[in-house]
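Below are two complexes that have chain A in common, paired first with chain B and then with chain C.
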Partner chain A sequence: MTPTDEHAPASGTPVRRKEDARLLTGRGRFVSDLALPRMRHVAFVRSPVAHGRITGVDTAGALEVEGVSAVFTGEHPAIAPVALRAQSGLPGYVETDQPPLARGKVRFAGEAVAAVVADDRYLAEDGAEAVVVDYEPLTPTVCAWAEPEHPVHEEAPDNVLLSRTFRAGDVDAALDGAAVVVDRELTTNRHGGNPIECRAGVARYEAADRKLTFWSGTQVPWIVRTQLAELLDLPEGNIRVIAPDVGGGFGVKAVLYPEDVALCLMAMAMPGTPLKWVEDRVEHLLAATHARDHRYVLRAGFAADGELLAVKADVWCNTGAYSVYPWTAGIEPLMAGGLLTGPYKLTDYECTVRGVATNTSPSGPYRGVARPSTVFAMEALMDSGARALGLDPIALRRRNLILPADIPYKMPSRLVDDSGAYEACLDKAVATFDLDRWRAEQSRRRTEGGRPIGIGVGVYNELTGLGRAASAGPRMAFRTGHDACTVRINPDGAVTVFSGVTSQGQGLETTMAQVVADALGVDYGDVEVRYGDTDESLWGFGAFSSRQAVISGGAAHLAGEHVRGRALALAAALKEAPVEDLDLRGGEVYMAGQEKPIISLAEVARVAYLQSDRLPEGFEPGLEGTKFYDPIRGAFAAGAQIAALEFDPATGEIGILDWVCVEDAGRIVHPVIVDGQIAGSIAQGIGGAMYEHLVYDEDGNLSTGTLLDYLMPTAGEIPELRIGHVSTPGKNPTGVRGVGEGGTLAPNAVVAGALADALGVEVDDLPVTPARVWELVNP
Partner chain B sequence: MKCPPFSYHRATSVDDAVAALAAAGGEGKILAGGQSLVPVLALRLARPDVIVDVDRVPGLDGLELRDGVLHAGALVRHLALAGQALHPLAAEAARWIGHTAIRSRGTLAGSLAHADPAAELPAVLRACDGAVHVAGPSGTRRIGADDLFVGALQSALEDTEMITGVELPVPDAWGFAEFARRHGDFAVVSVAAARFGDRLRVVVGGVAGVPHLVDAGDLATVDGEISEDRVAILAAAAADDVDPADDLHGSARYRRALTEQMTARALEQLTTTVREPA
Partner chain C sequence: MKITLTVNGERHRVDVEPRRTLSDALREDLGLTGTHVGCEHGVCGACTVIVDGLPARACLMLAVQADGGSVDTVEGLADDDGTLHPLQEAFSRCHGLQCGACTPGMLMTAAHLLDTEPDPDRATIRAEMSGNICRCTGYLGIVDAVADAAAHRRARPEEAS
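Now for the complex of A and B:
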């Protein structure tokens, strides 16, 4: 066996995940598990009314409850001076305050009004029950496209916090010239991320050295630290944010919440007493960020041959009661307007998007941000266009896809697409699915009987790894384009990596180790990765918009290469060999033409740290390096899904018979992690398409307040998914493209498309439930 | 989502449990499998002073067939009911309850006492015209299925009473059909159908405050084989007889349609599950 075989690259192979030994044996370290001396527990008092003035808060009863040590309200001197203000430089954006605990008025049912500190969570809840809050009700606005009676925020009398029109070409002229014009009015269903571990935090303040430690189940510890420093008026270095093992995030935990800030403020008011808050599922459904409560009014024009000529759209996104920190009310509407046209070529486009405040829980980032809705909208136009023109819907899509020859393609929203792999994904998906077989089965059932089958298709682009030129977020005060990584070779030759990533279960510890092992030339098993602790590693923005494999992976690769260069230079000096003839593999340095290693990395490291007497002239001791990486633009990732569903017109029952997804993840670092990301995101997409719906009644009460009514798909509902790949490496150090979100983008379109194909009914409102199917068939 | 304060008594016998309930003066609550009560407590929708845990009371998990009636102890788990062959309708219905973890803890009497109108076992008890045996401070009594269910989550049990056993007559033929949103969910609509001689009892779950016994008039008396036409007529009659309300999971119209479908399916099954003469 040659050394090259023995030390095959870790990337591209399903190495054992580093985190699994602890996660699979119940030894994970979650915030929920944390117990500190003198720790007390917090329960929030939440508003039962959607909109109202607070006319009185009486905490006396709560303070009498056994075990209760403190009660905080929005007027408490420790809390009152602070407010979160999500900022954006977008013209016309209305900036508003979000208090840590409601002050003066409540803006949604579930908003935290007071917080009770007690010896345990049971007692804290007993105390919370004893807090009496008086409200003078105001008329709530629940629907983002209804006239408000009492605005949510004084600053925005029409509730519109942000609006923007994307314009390219001359859409009206293009519509005039179209052979057919189709109109659709669609709404998508509010739902949310619902990670297994809800939000959680422990805050501890040491007054003597003014140090705040905040253990938080966050996806973005660095952003949290910067923002806490601003809000709490502490030097940034005095704040340590630790995100240990985190049980799922999906975007919900990429937000700094008022509860987080309240917890830190209360801890500062109670120095030396760590305060713990673990959100329960009822709170999560009520007050963690929601998403996807949108309306699309659409018009599209097609030429007779199926060419898409024009898209005109009016979009309302329900922002909820507050502009979330730091992403603002722009998070969904701007993504919707920027990506609506998806993988299709188009020159004439006009789209007005709005983020509208309502008396509902705030909307925030959720896996796929807005695009599950926009892909549904765009694919609905494609299907309607195909029906109007009498063309095959897949052929119509092909006619309009951005092709490799078009790359780089400037979308009408001016985003630059570097993918062009859409047709390759669609072709492979159609072939894998065996479209002809399913079409044959469809017609067989039409003639011989049996539940009608429909075939649904969704083609999409996932915007991943956004660099500074296309940074996530609407002109916020910071740009999320870069990340950093430090690679340190220890004196024993093993490697510790300090990465800016965070992980909520998606295996970043493993992925980063694979990348560094290969860039450096050591065994995967010799690389340990530290992350999620702001005192332990360098800057990293964290997990959102499918960015970490591209950006943090790029930084890890560059840092690995850099340190490899240093190690080889030192080896060359020690062995008096030309550095260009040396190679580092499996932790051993080889000389060209020789079979045996000439020196081990361990020995090189020993010299670097412990034997400065052997260090050649001009060599600094130590063996580590730090690199930042910013892809400047980003990597578009193409994907296509196609599925066969059957519908029982008598009951509305929906059965998924086959589901195929093909994505372009570029160069794949860990095949099982990538397939897991795709499968999990399709499952969440199916949840949104068929089950998950956060429903408010007209008074602004959440009707789906527990998992008895908010239905998430279980393993029993998700079919065997057939996942395939095409690979066009991205232009970044590791050649990857992000895969965290793509799977969520198509299921709305696929399920709605299949229903229309099976039964000839157009579904305009999601989710597609048995009841809705039945109502559409039996109007 | 943490329980309000209560004191806890682990009962060692039925008498002990009944005494503890009596001592609580109406403010006691029995805990059996905990699969319905614990969530209710966690949401603070109930605030009993005393929890009387009967889960380990011995001798309440028997299953015995006598004179065509299955006598089941209060603590028979859904899993045991699903696994027995003495009462195939009860077995089939129990398989539809929740998931394995829930079925291995939840109990027959717990489900009946909880009286969820969408639950499977109350519908079966009613379809079979069964009864529960109840112990209370003033002795024991027997409550027939038609009297046990009073309203949504309301039974005819007094606060100081405990179900000790259940009578489930074994039908000559049976059928069960259910429509739920996901595997293991409570039914949107379920139908349990049982035939005793020439008498047919069809009970619909999920359409009213209690499992609804369909009043099919003369149609409920059957003679010999039930024809396909008769199935369709009975299904339509069931749909006519129910008066569901709109809710999150479907309109009244939809539930009525499901009632017809599920009744037809249950009756079709019933025509193929005739019990062998003993």
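Now for the complex of A and C:
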């Protein structure tokens, strides 16, 4: 091959993001930015009580407010017939209704009770203030492991919406045979995604053709379309869901919310009038989904050499007031039970998980889903085991890791691990961190004085890109295995990709363009990607489970290859050359052994669309192809984090001195985007471990209802993270492994482990704040 | 109330209710939706704009308070011919943005920082940027970008605006 033949692949290089030009110049297209003719604005009236019967709603005063055009309540004929009902075929799962606006009773403080439509948001809020709602309070339940006085839902008198026991081997016998048995009882703190752009929607209904357009800051536009069609009784083709630029998601926007459904129902009741709702931060903290309010009662048995013999666990997950739609109350408990054992080999396992309703905001998907808690739980057992056995905690972990030779490894929950890169990640993390240097500094401070240093470790597996087999667990009405991608070569030879991805900052517009450019053989700059619009692309389940690079990326690759084949076939016919000798690179078709291209893709495309007289017999016009991809199982991504923290026993102050993360992202498409995903998820993990805590008082009032109380880490708190990689390509068309969530999984374990290592105190409840440190040191 | 705002050098007459925030006046009345609103209580910093030379939370200021004043927003950073500001270039190069929701506020805060402190070290950058929350990046790319833009400016002072 001569140098001129070389066409550098886009994948593996940090090409400039396609999103950046508009996002950096204030020209992003967010739902919050949308303005349409005749558009009116919506404000919701929210319940101030956590649990109570609604005895009256008086909307007359609101309708008197200038600019107010309508007020809707749960009993309004447009709203009353509809309920969101998250469905699952799991035995014992209790299905419950979630009304778009509360009906009969309210189940959490912040639940939407009524909605006011007005000329602008100020007037809508004026109207909302004038709605008078009478409540007859009921005793709320806030804690998921307390007996309810008044159940949240009549259908579940004990508030348990779901319970499942994962069982493998004989855990009691294994515990009997253990050299040491350790017990831990842990709770993890309720927190949430808090993307910088809160939830937002614009709904417009045209009665003449019964068409609904819903602009929504959603991570899952196709799921939203399917669910809306069912709830609104519209043909699915009459609904268009558009997720344009979305200002962060992190799982919080992977939910179809009652407010979304209410907005669409109200728009249908007001045909021709687009309705806009943009949530404010106080609403977001109150009523967008929360996560990780869990309790773990754990027992583990180890052999004298450190082999993990048994884990027995009882887990409670606070699902809040409603079974999150459409994912169900199973989202956290099933993930907790399925992934608790993480990267460790284990045959004897018993874990009972429960999803328990309470009078708090519903729990939903949040980056990492349950695993930041389960990794904390598992690593706490490892640290306790190491202390009981007098073994080095890292050596104990190594003793039990799933190794390359064990792959494919069937976990005790029967998920199949295809990674085995845990030891490689741990080794590289320990080396990068320079463990010996930090251990030396730790002892130096112990003898010479200075704030005590602790070293914390977290090793984890992230189940990414779930295919149809791996997503079977929750037994929902839909199985989230596949995405589609259409690659179209335009008549001028440039490429438009209609991808099933949605993006909330992950740079998928860029990543999909890279994958298609390479699969097809064109330059990155010649590929445009359309996404997030159900009328443009065929299908995508959306952004969750770190799935899109794996699954949509796979579909993009397959579609690109397919269209490349068609383009080369046409080129071969036009140039009367054997197709097997042709190659498409940089938008030019080359023949083996020839330095210069024989025809450009632009000319091939022109023939395909505009010069049918030149088309070979039987060759269909156009150059386009659509492919689906489903990885069937998924791609486990391995990771390890290790950090040194210092603690001031006098004040409890915590300082992060160094933080290293090594992950196996498989083959990397865009190295800077991948590192950005890892750094961002570690930062959210550190937020959850040390700062972020949604606290309810016993009456069910959220006492952390503003960003003055709910603390998200800033550039002042997040340290200079050091990120490294090992690469074992996944078995999918692009060889990638998902990286969206792994970083969140370890910080709980790392911070708690570092505290124990520094001061010899076991922390059982998160977050680890200075006050918590001080309490533990001064019991 | 009728007020006059000079936004990115252009004079605008707007009629606003006294309670209208500056961020809403920019976004809704002037159609400058580049200024984002993240919390509406002055914590997240997404709505940061420069009012009469100083950074301000546009969600905590009433539009009438800016009457007669000048306001610089993210839309004014790039040159009229589309040439990006060195900070915008650096944010793209260093992956200082993901979803773009905090980005306008980050850019305006950073622009003011570099105008007042041409050679900030990383600790200074972290401290000065700590009034702006980013939920995506973990701040690495942002700190890199501000440091990179500062270095670029020092190397080519004639391009500094």
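Of note:
The working rule: the second predicted complex is superposed on the first by the 771 of 779 C-alpha atoms of A that agree within 3 Å, B and C clash if a C-alpha of one lies under 4 Å from a C-alpha of the other, contacts with A are read in each partner's own complex, and residues count from 1 in each chain.
Convention: contacts are C-beta pairs under 8 Å (C-beta built on N, C-alpha and C of every residue); 3 or more make two chains touch, one makes a residue touch a chain.
Quantities reported herein were computed from a predicted structural model and do not represent experimental measurements.
Touch criterion not met for A:Pro649: it reaches neither chain B nor chain C. Put chain B and chain C next to each other and count what each touches on chain A; the higher total goes to C. By the document's definition of touching, of the two partners only chain B reaches A:Glu129; chain C does not. By the touch criterion defined above, A:Gly169 reaches neither chain B nor chain C. In the superposition on chain A, contact of A:Gly680 is made with chain C only, not with chain B.
Comparing which residues of chain A touch chain B with which touch chain C, the overlap comprises 121-122, 280-282, 706, 708, 714, 716-717. Across the complex, chain A meets chain B through its residues 121-122, 125-126, 129, 280-283, 650-653, 691, 695, 703-704, 706, 708-709, 711, 713-714, 716-717, 769-771, 774-775, 778. Chain contact summary for the complex, chain B toward chain A: residues 1-5, 39, 43-44, 179, 181-186, 188, 248-251, 253-254, 257-258, 261.
Only residues 14, 16-17, 19-20, 22-28, 30, 32-33, 35, 120-122, 193-198, 245-250, 280-282, 504-507, 672-673, 675-676, 678-684, 706-708, 712, 714-718, 720-721, 743 of chain A touch chain C when the two sit together in their complex. Chain C contributes residues 17, 19-20, 24, 27-28, 31-41, 43-44, 46, 73-75, 77-78, 84, 88, 91-93, 95, 97-104, 107, 122, 125-127, 129-143 to its touches with chain A in the complex.
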